[in-house]
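Alright, structures below, take your time with them.
Both of the next two complexes hold chain A, though its partner changes from chain B to chain C.
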Partner chain A sequence: MLRINNLTTSFKINKKLYPAVKDINITLEKGETLCIVGESGSGKTITSLSLMQLLPSNGEISSGEIIYKDQDITKFGKKKMNKLRGKSISMIFQDPMSALDPVYTCGYQIKEVLDFHENYTNEEKVERVISLLKQVGIPHPKNIYNAYPHELSGGMCQRVVIAMALACDPDLLIADEPTTALDVTIQAKILKLLNDLKEQRNLSILLITHDLGVVAEMADKVIVMYAGEVVEVADINTLFDHPKHPYTKGLIGSVASISSKGNQLYSIPGKVPSITEMPKGCRFNTRCPLASDKCFIERPELEFVTDHTSQEVRCWNVDTVGGKQNEPASLRNKKCKKTLSSQK
Partner chain B sequence: MSQPLLEIKNVKKHYQVKSKNIFSTQKNNVHAVNDVSLTINEGETYGLVGESGCGKSTLARVITGLIKPDSGRVFIDGEDFLQLKGKSLRDKRRTVQMVFQKPYESLNPKMTIGEIIRAPFDIHNVYHKREREEKVKELLDLVGLSEKYMSRYPHEFSGGQRQRIGIARAIALHPKLIICDEAVSALDVSIQAQVLNLLDELQKEFKLTYLFISHDLSVVRHVSDNIGIMYLGEIVETGDADTIYSSPKHPYTEALLSAIPKAHPKQVKTQKILEGDLPSPINPPEGCKLNTRCPHVMSICKTKPNLESIKEKQKVACYLYNDQR
Partner chain C sequence: MLKFILKQIFVAIIQILIVATIVFSLLRFMPGDPAVLALGTERGSDPEAVQQMREQLGLNEPFLTQFADWIAGVFQLDFGQSLFNNVQVWDYLASSIPKTLELAIAAIIIGSVVGVTLGILASINRGGMIDKLATSIAAIGLSFPVYITGTAFVLILSIQFNLLPSSGYVDFFDDPIGHLKSLIMPSFAISLPLIASITRMTRSSMLEVLDRDFVRTLRAKGLSEKIILIRHVLRNAVISVVTVIGLEMANLIGGTVLIEYMFNWSGLSTLLVDSINSRDYPIIQGAVIIIASFYILINRTVEIIYGLMDPRTR
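Up next is the complex of A and B:
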């Protein structure tokens, strides 16, 4: 349903263009949940904003295409895009409190979407809004219709935002860190709601998060991003059972586990490089425990892993189809495990 | 077992807020912390967990002496902290330091890193002026930052580095107790792991005691020896971390633990979702605070249950386990 081909989005900083995301390829089928994971600054949000064409004024899509239902939406004009946005593709933002306008009632804000896209009479619209509020699990929807955002808790606001996103029966829902600002108990409720909605409506969800727990709950397929590049693509079980890229391994290793009290967590040294100072070669080379000379010179390509057909990885140290290697993979994997465990 | 370093007894703090009606003179009380008692032994890490608005941060501020409680007592090293005045209070404050939640807001943007870390020395007038610079360098080295950063300003650093600076400032005066109020919540997982490891190393080196406040249950599990679960200003369950995580007793603890996202997609878990939202702390329910949402609610829950031991290392405030009926 959605295919993004070689998307590059650049930002103009001091009259120079810097690519914030580079050569992104994403495919999303109907009824599927795709998670994009990565730390802050890895280009997750920029990818979703490019998709909605809501980039800030100094950003632009410099190459690539976004094919949605067989049409390249990067070539759409403003008017056509406005018709698509909120109707067929809609988005849930990170902070529910700031995503709602404080001077309008919640009901009015949801109705606004219907005003823009649908030809209903006013009564029909109000009825639809109330049924939407009921669907997202809000008690007393009639009272909430006339409530202002500041009167509601964070979890309730996020439900209103979800109701707004669902107002016109979209086919694709982009959720940018939908539960980051919420408490765990509320997070569990919102994730359950999204999963239920997905099943009822056969929605496709593009979920952006930095929380691997959320990924484990929600995803069918996962894309791991680092410094504006996709470093690993895999289905959910493969990713958790056999992560290949050293960054993915590091991410999974650094999550504190609740099943036991650990001593030392594995941590990735350093931090994500800034957009103006990207290292040459593999972008992870400054923090990678396996980095060799080659990693500092040549940029690896995203290629299929030899032993898992559904997994793609961007690393010189993993056996890939078409990748040129000097060492046998078994040896390298051992090395990787050794370095990881010695740091633990 | 080691000595209790911090003892809190029946601390209560209510905030006054004006009523919604602007013409009304009626004032409402926000019950931020209600009758909380806890003990932290020397050298241990006590994790305090709860949702936002349950009074965790207010409690932290009461312990550091940043706000005065309405009633109750705080003992640090056996001395009543709230009764101290003047020089003895100032000296006592050196034993309790705090690492704040937001690394972006807790450092003064107009001061260099060197000045920020030296500030505790200047305020408490320890070390000779010439020595202070050396000490700042030592501290930076301890938290894993280069000494050449001394003349830089906070905006030049990333979140993880700023949190390290905050930690350096907190350990400057060799405190005994450090309160980490959501110290790693604003950080990415890989950076979070770095900071948690640093805190662990410092604890071993200086025999520090931590009060670790967080809403992230996995992080609390990772660091804590003992934990306390707070709900609407009260501690509902407390005890040994292993015991509570393996067999939670209070219905709220059960719900909270089951809400943690699973660590692996194949993991099977049953979710116990509580109905409704957190009630407002302005008019909290009578008796057990959970009685509006609890699946096991009984008629006796209209009266307040006491925190009672059910096992050697576990205390619960719930009538399901207490024989007060």
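Up next is the complex of A and C:
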């Protein structure tokens, strides 16, 4: 249903163009949840904003196609894009408390989507808004209809935002860190709501998160992004059982060390390079425990790995189809963890 | 909301009472005999005249009676008589208030319409030609004092091109067109700094709102840019613009002396300055109280409008 081919989005900084995401490929089928995971700054939000064509004014899609329902929407004009947004593709954002206009009631803001996309009578619209509020699990929908956003909690606001996103029965829902700003119990409830809605409506969800816990909860398929590139693609089980890319392993390792009782909190040393200072060769080479000479010279391509046909990895030192190394994954995994922790 | 409005009215009454008390005390507690001060050094040395003045100012009554009479008078708009003739202070005020209000309202309307429009255009063209133009107009408006812009207007529009009368108040009922013509230059001269500050405020608050997260949500909803700008961004931005407009309006009541003199438009400021020059205490008191009351009422009204416009403050 959605296919993103070689998408590159660049920002103009001091009159020079820097790619923030590079050669992104994504496919998403109907009824599927695809998670994009990666540390903050790895280009997840920019990928989703490119898809919605809601980039900040200094950003632009510099190449690639976004094929949605057999049409390349990067070629759509403003009007055509507005018809798509909120109707067929909806998006919800990180901070629900600031996602709503403070001077209008919640009900009005949901109804506004219907005003724009549907030809209902006013009563039908109001009825639909109330029923949407019910569907997203809001206890007194009629009261909430007339409530202002500041009168609601974060979790309630996010439900209102979700109701708004679902108002016109979209086929694709993009959720950029929808639970990051919420506390843990609310987080679980919102994730469950999204999962239920997906089941009921056969919705495709593109879920962006930096939290592997959320990924485990939600994903069918996972894309791991680092420094504006896709570094690993796999279905959920493969990713957790056989992570291949050193970065993915690092991410999983850092979660494992939080959940295991050990008091040492492991995380990958260093941070995501900024888009103006991308390292040459592999972009992870500054932080990678397995980095070899080649990694500093040549950029690896995203390639299928030998043992899991649906898995793709961008790394010189794993056994991809074209790769050379033959060390068993489990052993390397241990070694990787050891190297990583000894670096601390 | 009704409770909120009632509260504002209550606050206004208390504030006016405080002002009335201060004005009352100033005359009583000034060093020296107010009667002597009112008479000036020459006539103040004549005990008979002083006694008469004390009588006239009501200074011979018991203190509390004076205070009660004064407060009761204030709320009935009775501020006594001028010291130099038997004309009621209120009569002076009644002829100046409409002029002051007319000038202030005209200037505020011009300032708001032009300022808000320029501010919107500047913000949606951020960094572009229109933005630069609007920002320069704002800078010019703020850097020239009114007597300079006023003089420039007179030189160009009246003397050079003879389009408008150079000065002089024309009564509306005598000559409506002439009256409006005489209003144009002073109100424009006063409105220039207003245009400047309202443009700036509108621009910066539009930009601030445009940067907020909810605007992205609105775009994600598929709304057209025009609706987003007018229904949402402007609607949020005017909340702070209204405050600025209110403040400017309040400052205009009693703060337009120079223009009033220049265009012979004798409003409250002129009355105040003249009465200070002639030490006509009752008029000074009345003018101060009226100016302060307008200030208070405008601020309370702004508060109410603010409450109506921003659900978070209710």
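FYI, the second predicted complex is superposed on the first by the 315 of 344 C-alpha atoms of A that agree within 3 Å, B and C clash if a C-alpha of one lies under 4 Å from a C-alpha of the other, contacts with A are read in each partner's own complex, and residues count from 1 in each chain.
Quick note on the criterion: a residue touches a chain if its C-beta (ideal position, glycine included) is under 8 Å from a C-beta of that chain, and two chains touch if they have at least 3 such contacts.
None of the values given here were measured: they were computed from a predicted structure.
Student: Report clash or fit for the pair chain B and chain C bound to chain A in the combined superposed model.
Tutor: fit
Student: Have a look at where A:192 lands relative to chain B and chain C in the superposition and call it first, second, both or neither.
Tutor: Touch partner of A:192: chain B, not chain C.
Student: Thinking of the overlay built on chain A, is A:255 touched by chain B (first), by chain C (second), by both, or by neither?
Tutor: first
Student: Just to be sure I read the superposition right, which of the two partners does A:85 touch: chain B = first, chain C = second, or both, or neither?
Tutor: A:85 contacts chain C only, not chain B.
Student: Considering only the touch criterion stated at the top, classify A:39 as touching first (chain B), second (chain C), both, or neither.
Tutor: first
Student: Touch test for A:126: chain B only (first), chain C only (second), both, or neither?
Tutor: neither
Student: Of chain B and chain C, which one contacts the greater number of residues in chain A?
Tutor: B
Student: Between chain B (first) and chain C (second), which, if any, makes contact with A:93: first, second, both or neither?
Tutor: Second partner only, chain C.
Student: Specify the angle subtended at the CA centre of chain A by the CA centres of chain B and chain C, expressed in degrees to the nearest 10.
Tutor: Once the two structures are overlaid, it is 70 degrees.
Student: In the superposed arrangement, does A:103 touch chain B (first), chain C (second), both or neither?
Tutor: Only chain C; A:103 stays clear of chain B.
Student: Quick check for you: in the superposed arrangement, does A:302 touch first (chain B), second (chain C), both or neither?
Tutor: Touch status of A:302: no partner.
Student: Once both complexes sit on top of each other, what is the least C-alpha distance from chain B to chain C, rounded to whole angstrom?
Tutor: 5
Student: Could you give the residue numbers on chain A that contact chain B in one complex and chain C in the other?
Tutor: No residue sits in both footprints.
Student: For the complex, give me every residue of chain C touching chain A.
Tutor: 212-214, 216-225, 232, 235-236, 239, 309-312
Student: Show which residues of chain A lie in contact with chain C when the two form their complex.
Tutor: 52, 54, 78, 81-87, 90-91, 93, 95, 98-104, 112-113, 116-117, 148, 150, 161, 164-165
Student: Any idea which chain B residues touch chain A in the complex?
Tutor: Within the complex, chain B touches chain A at residues 51-52, 158, 160-161, 188-194, 196-197, 200, 215-219, 221-222, 224, 241-242, 245, 255-267, 271, 273-274, 276-278.
Student: Would you mind writing out the residues of chain A in touch with chain B in their complex?
Tutor: So the residues of chain A in touch with chain B come to 39-40, 139, 153-156, 183-189, 191-192, 210-214, 216-217, 219, 236-237, 240, 250-251, 254-259, 261-269, 271.
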